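Letters A, B, C, D, E, F, G and H mark the chains in the order given here, with residues in each chain numbered from 1 onward.
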């Protein structure tokens, strides 16, 4: 989408209607004024096949429906995070492919699925209470065209649970680990496999867990060198990054 | 050590030199004024066989020598924590049994050893940098008449290291675990054995470890129910508590 | 529960159906894949006589009933922490031994009581508002087969209250102390007895108590060497650890 | 010290040299411009007999000598807090009454002592390491004309120590309590006497004492209603406030 | 209230029914076991004329009524802090002198007023939103037999407001200052008068006030040496301490 | 408004009814006692044309109506921040010029508009969720007689959005930037223009945003030297300061 | 400085050597690739007359000399913040106009002074220890072409000191206030004048000042609406922003 | 490396020397006791071609030399982080390929280089002071067989600097961004490319940067969904994770 006024000015310059200094003056501010045309193009190339994403929190069902319909007019797929049941009702009426995940509030419309992944994304949670966060990661990863392997409630107090998953862990390209309380699972997983591990601290816990701070600090100080961390309860971010890591290169 | 003035007053009361109200007046304040005689007696019974302890930090070699000599005149054994090499020189000259542990600064004079333990105290550290803290626990536990089993550098990033210690872990009465950084080892150990686990966060780490806060929070939020926690770098406290837990009942 | 495929493979190896390298290949991954059989066995031995525990918070009455019934099919006793009155109704209908403690939300089914303790567990609280946390410790300790001595509202602002409990304190094997606000009671108790003291900070207080942080820090910095600490409001953990400490050795 | 220009203007006004509006204009800004004359007068009345105070930290021996000499030219007594040994040398050469307290760095020149107190100020510390802070309070209180009763190393882990001081405690008008680590002593003292208790948290401790934060929070959350708190290590402030409380009304 | 068993034992000892060692054994534990009799007596002397206090928060109207009736059977006056309107209704029906302060929830029954103060207690608040906390201090001080001078909404952004109170400030014995947000008023007041200033941080504010932490820190770091601090929103404590400071000595 | 008693005293002094020392005594306390007359006058000059402001939070519709009516009797314009819809109803009935901004709760009565600005105030927000805070700044700035340019949802994750605003940015006198989460927009804007940038952290975000702390810290550490910061969510303050900066000098 | 390749491409386009799509492709990435030419030009216009600035901390005398010489080859004036005495020696040898301010480490070379200010910048500090930070602001403001009025040690504990500056305060265009400890001075100043007040918290204080956090929080919560805040000890930023506010519009 | 005792037992079982239950008993504990043999094998496969790593901090030159020589006997390449110049001297004498990076203290011995990367790793820093951290990432990535593109001092206050790198950014597989102060660069970079961005907060800054906390929080709250975070100053971790992401699949 080259802006019309730029084309027009170039033609006027070519025809001599405006001089070299005039066209240079115009171009001087181009970087800022018309950045959109360059940006959009670039994004199209990079994001091909990824769904559009709406952050649903704080948006009304009306707003989500409106934005969703607009996006789905141009793109095959849509992901809404932290949406309400009501937003689901609205979109389901218009798009039968609409699917809702009540645990985490994610909502997808996937009309055209293509596997963009080099391999599988592993998603693990320490406790059952961490599942909504892990599920947000899962829905995100799947909506972005990945195969996932999910396994929940495998915290370090019963080590045999995660150890029994070793084969699966080894077969992934990247691993997401959600944990609250002391947040120790990513370190243990990070020691078992030589893959990028994305740690998601959750706000699960009480007292000195300080709504996820204990888990966050634990993960940032992981003695396993392959662990990086996202914000507390940010399952979406973990799923998004894992998808970028797992992305097949064209 | 009943105070003399109390004996004297009782005799005077018995002999009629002072009346009932007078002796009652005197007794009214006894709880506060002469508490020592009750307290000391009580302690003697309970602490039988334990060494006297000096907290060496901030004390000069002179002071440690002075207090140490005084204590050793009445008690067979002595433990000094966080002592300097110089304090060691002084006491060694007087007491050939004196032994110094330069890693943690502990110093012991054990002239009469008796095993007071019901079993063995296990002491584990996550990294090599945590060893001084673990060693302070060990020296304390041994000076208090316990057998210890120590095993260092068994952190969760290489799980096989702690797993290979399972038999030893199972054979203890109580376990001490020192760890810095994310402090995950106590949770893992706590899940492997049904024993009291005393977690010691260490100040080892950098950045968001905040000098041991990350490890401390991790341990307080342990998903293993058998973990209790002492202050950052408090190896002495861990060794002391483990000794009380392991204590044989007479 | 040795897995059948392992027995089968050993027999095939003995009979020559598979060679040494083949059986070694199979065993190579055994550590991770079939860990359960070793773990469960080990637990059975250690936990003999202890109740199964459900962390009730965040679970529906339906879920608690379901898990509870399943556990009670195999085990005589059950402990549920932070359960609702509704969960109580459900379990009471099925198990007449079911007992509910509304202050702390604990719920027990004890059909077979055996005293597993070497002695008595003392449980003290600084204020009346700390009682629910202390009670959670008490119910846990009793459900795990211990005799308890409880004494509430004995905070340090009226020292005579805890001092009048000295005889009782001295008669215990281990002491639990729950306190909010400045959390000073464990230090005072720790100075009065040479027993392991498990301090439970509570979230009671206002302003600069920061929901239990002040009490937590106070306890971690106790000048009494025999104090270890659990998470804020974690009465269950304190009761659990005290039970392990008090446990009779078979 | 009524400013001369004010007197002059009033006389001009009386003599008709300036009009009512002019003198009112001048007075309009008087509140701000010439506040000194009111302020100084007020202070003279209130502070009668108190020494002048220099906060020595960060000042050179030269500066302290200079200010000290200037103040002592007009006032009989001087108090310098956190002064160096060198500053002491300088002032001692000029003022033989100069006395230095190396533990806390306080320095006094008291040439005219008058007891301004209604009673005695009690000063207590939990540990020996807290003594420098307590001593700063003591020197301040004494330099301000008070009799003090000091008693150090009476922390709550050995309750008999503070209890044996009950008579003394009861005989004071106000009590200062300095404590580091968990800072529990002010609560205990506050429960023993119905006097104002000024709590001074000290930076003594390690790990989770966070340089006095644990003690500070403990004191702010004291369950004894008669405890107020000053900044960490602020012995001077405690001594100053206690002196104001103890002050005889003329 | 000398305990009967002590009298009895003394008589038996005098009569020779029990020997010297036996009576000494009994006295050995007296400090702890029967502390009440000494304590209560002491309190009676010190607290003479002060009301009994109930901390109403978290207590039901039933409980407050029950405790209140019991206390008022023995004491003329009562103070309840943080009580509900319902508790007020209950006590009013029984005691016509009952008075309720809905802003702060304080409730008093004063049947016998005697002025215990040496002078007047000044109570100031920075904003109108701080009034409930200031009022709690006022009601406490008045119920404890003091005359108060209250002046609200005199924060430092309009300095003339507090400056116009100078005469009043100077006429007090002790000053209470309640302030939220940046908590600067106590420093300003502390600079204007040489009296003890008790600063009460309030939780008023938003954002980086962190529910009173900003005000608390400001007050602890006051550049005026005569400021001491109580917990956030602790109007009762401020009123209590001010009453102790203002107390007439008999 | 020179106070009558001052005029009276001056006249008495002139007439000789009172002497020089008497009038000086009276003036001595004038700074504090009658400061109002100087203050108000000063304010009138400086604030000319600015609306009166009521902080609506925590005030009832009744109170806002009452204060508002009183202020509007003397001043043409009024600004109420954080007012309720109900307060709006009340004032609208009396003042048809009343306008309400439901996003941020601001309410204005502007009956006399005069442009006091030297230029335009730019107001930008990073996300749509930050708009209420930005809008509070806008309403404040406009009610204080400024022209504003507002542009919302131009956060740094899509840089082209803010870059396309460069011309507008450059045309302002001062810029307000509201942002939550990582709060990076003020740094970017600060690098694009050499104008004063007032950064407003918002409480928008979740997890480690800690209700605006992350944004606040980010802004305080801005690598652009032209950024100063106000409290979290303090749109009013930002609008007020920007108005002072933009103010035309008479 | 239009990049040569752009001029060349435009000429080729005009001459038909490259087509419209080709030149558009080239321009598409221009926003990012050649931004410098637009940026520099823009800055030249805005910053006219301002000195170049080097942040000296962490740079060697060699580096500062090198960068300084390069900048002074093109610009008349230079400001270096946090420079060492050694860097001063170096630059002084080359530029006789070089001036060093040892308190704050600022260093200026001003060879061409022009007053860019609309008025005067007021700079105030609460204590003498805050002077280095205030001085950094002063040197910055003066090097940027402003007249300043500085007044130090006017903290709120002696209110008459700042009040006596009222006339000066009122005569400024913008005011900078540096304060440590409780940081109350900006609020008081903000209440006295209706000017933009830039508050600089300093790290001066001890204990609960937490190296400037107490002052920072105090200032962010100022009850005066005209106060904005910069980072702790950031005198340079305050001077820079004040210069932008005071800047004469051409 | 199958342990000998396992082979021996299997043979004894085959030969009937031990029975089925006996061999099962032995295998029961195998998971824990002999985990090494499985673990090592697994690591060999995964880590093929990666250097061995020594964390140099706190290790003496002697220790680093010793471990380094041992590792280099079995592996071609070595990476030591945070090593001293002295350790470099030692290893250089033995291994001529040894190379030292004094900025960050990294040290490599690369004797066999193979490119393991799918593409290029981009490494960017916001300021020059962040370079040591960025360089640690670079050395790590290169030692692990990657091609890097590094570009430093491209912070957001001068946006044109990072924008001019757009082509390079787009050509990478994964991007590392190191930034201190407000840590805004990762968000801006994350918005420009759809690649995994690994953010490294650095401890660069002063005042409210709190040694990297401000940058850390900024990055965790990034509005760009593709940003994950490692510990403060953890350049090694960032380089390690980027290498895993960039790793060619065999």
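Definition applied: contacts are C-beta pairs under 8 Å (C-beta built on N, C-alpha and C of every residue); 3 or more make two chains touch, one makes a residue touch a chain.
Fair warning: this is a prediction, and the values are worked out from it, not measured in the lab.
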| item | value |
| --- | --- |
| Common touching chains of chain D and chain A | B, C, F, G |
| Between chain F and chain C, distance of the C-alpha-averaged centres to the nearest whole Å | 56 |
| Averaged-CA centre spacing for the pair chain F and chain A, given as whole angstrom | 39 |
| Residues of chain F whose C-beta touches two or more other chains | 29, 31-32, 34-35, 38, 158-160, 163, 207-209, 213, 216, 220-221, 231-232 |
| Graph class of chain-chain contacts, one of line, ring, star, complete, other | other |
| Complete list of chain pairs which touch one another | A-B, A-C, A-F, A-G, A-H, B-C, B-D, B-E, B-H, C-D, C-E, C-H, D-E, D-F, D-G, E-F, E-G, F-G, F-H, G-H |
| Chain G partner contacts - residues on chain A that touch it in the complex | 2, 6-7, 10-11, 13-14, 20, 23-24, 27-32, 34-35, 37-38, 41 |
| Chain F partner contacts - residues on chain E that touch it in the complex | 129, 158-160, 163-167, 206-209 |
| Touch list for chain E against partner chain D, complex | 31, 42-43, 46-47, 53, 118-119, 160, 163, 170, 174, 193-196, 198, 216, 220-221, 225-232, 236-238, 240-241, 244-245, 249 |
| Residues on chain C engaged by chain A in the complex (per definition of touch) | 29, 31-36, 38-39, 57-58, 201, 203, 212-213, 216, 231-234 |
| Chain D - residues contacting chain C, complex | 126-127, 155-159, 163, 181-184, 187-188, 190-192, 205, 207-210, 213-215, 217-224 |
